[in-house]
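Letters A, B, C, D, E and F name the chains as they come in the text, with residue numbers starting at 1 for each one.
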Amino acid sequence: MADQNPNTFPATLQTNTVEEGFDLAIMLSRLGVKKTQPNMKILRKLRPKYANDADSLTAASQVIALNFQTIAAANNYWRG
Amino acid sequence: MADQNPNTFPATLQTNTVEEGFDLAIMLSRLGVKKTQPNMKILRKLRPKYANDADSLTAASQVIALNFQTIAAANNYWRG
Amino acid sequence: MADQNPNTFPATLQTNTVEEGFDLAIMLSRLGVKKTQPNMKILRKLRPKYANDADSLTAASQVIALNFQTIAAANNYWRG
Amino acid sequence: MADQNPNTFPATLQTNTVEEGFDLAIMLSRLGVKKTQPNMKILRKLRPKYANDADSLTAASQVIALNFQTIAAANNYWRG
Amino acid sequence: MADQNPNTFPATLQTNTVEEGFDLAIMLSRLGVKKTQPNMKILRKLRPKYANDADSLTAASQVIALNFQTIAAANNYWRG
Amino acid sequence: MADQNPNTFPATLQTNTVEEGFDLAIMLSRLGVKKTQPNMKILRKLRPKYANDADSLTAASQVIALNFQTIAAANNYWRG
């Protein structure tokens, strides 16, 4: 899912599993970046620095946590 | 939606699709900036630096995630 | 609303429109600053630097997003 | 309320007005600092620098916004 | 509670008072640090710098605010 | 749980105890990092710096707090 087309927006926040929900949270976090800087060449150029910086990675994990809150609520926490 | 008139505030937080909800979250995030610094000339001058900085882009994605939480709740997560 | 008297606190979080709710979120965000630093002369002196820094503006937008979450919930998301 | 004794913890999160709720949010935000650094002499020494830094003030406003979310929910948003 | 054994995890998030709930929020915030860096010698060495930095203290207060949101909800805001 | 295989995603957010819920929050926070930077060699290289920096540890604790909010809600706060 990480490399999926950023232009394909999910039609729903519902997922079958917790893991798919987490992957969707990652996708939304990246979309937030891509919609702000749509130039993929620039994004690829920025990646090495930020993927090798612990604080940048923690910040990325924080955005994922926020989006996962939304998706978990949307799925009623997969309580089943 | 990204380039829409910042003075046109949405009358509702309800959207037809998840994607429109995400676009609205982006718009609110930008409105938060524009209401703090209404001078568009200055905002355009700031853009190159921040759109080329990975940490700035992650921070932008974080604000979008917070506004998306609000909009997703407003739409009852588009549970349909 | 942006320039209203910081000493006039709203009696309610309910607003008629989404836009008024967003303006109230901005007001609460500024109040958080003013209650920490009540000296308006100092606040005015700080403004030029922070209103010309993209990361400061994103941080301001983040606080607005948090307060907008509160106000949107208080208004039951203006579901009407 | 800003200068109240930090050792007097409120017995309840319920307040009569929105403004009192906001003041309580400020008090909890300061308590979070004081419980981490209880030495008031040090805290007073730190104040000048942080009260004159726009980004520090925005960060303080962010913590207040988080605590205000809690207190507003505790008061059912003073819907009355 | 601040100095309690970090290995004694609470069996419940329910507390008798608001103040105990706030203390629990502080404990969870510290646990988040200790689980990431379990070496107490290193943590003690880091303390002087961070306990004398206003921005570090605000960041600590922010984590406490987030955990207090969780604990307040768990206690139904001690509405009594 | 800290060293568990990052590829084993939990099938559920439900846990038996508060402590297991907190451990799951830590795991999700690390997953957010690992999904962004899957190269474990790089992650191990980054650890010494960030595990010895008070602000990095506070930021890690913040992400854990956000994920713990999700997990605590998923478990109805273990109200029992």
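One rule holds for everything that comes next: a residue touches a chain if its C-beta (ideal position, glycine included) is under 8 Å from a C-beta of that chain, and two chains touch if they have at least 3 such contacts.
Note that the coordinates shown come from a computational prediction; the quantities given were computed from them, not determined experimentally.
Between the contact lists of chain B and chain E, the overlap is empty. If each chain is reduced to the centroid of its CA atoms, chain A and chain F end up 16 Å from each other. Note: centroid distance chain D to chain F, computed from Cα atoms, is 28 Å. Looking at chain E, one finds that residues 55, 59-60, 62, 66, 69, 73 touch two or more other chains.
Taken together, the touching pairs link the chains into one ring where each has two partners. Moving round the ring of chains, first from chain C across to chain D, one meets them in the order C, D, E, F, A, B. Of all residues in chain D, those touching chain C in their complex are 2, 17-19, 22-23, 26, 51-55, 57-62, 64-66, 68-69, 72-73, 77-80. Of all residues in chain A, those touching chain B in their complex are 9-14, 28-33, 35-37, 42, 46-47, 49-50, 55-56, 59-60, 62-63, 66-67, 69-70, 73-74.
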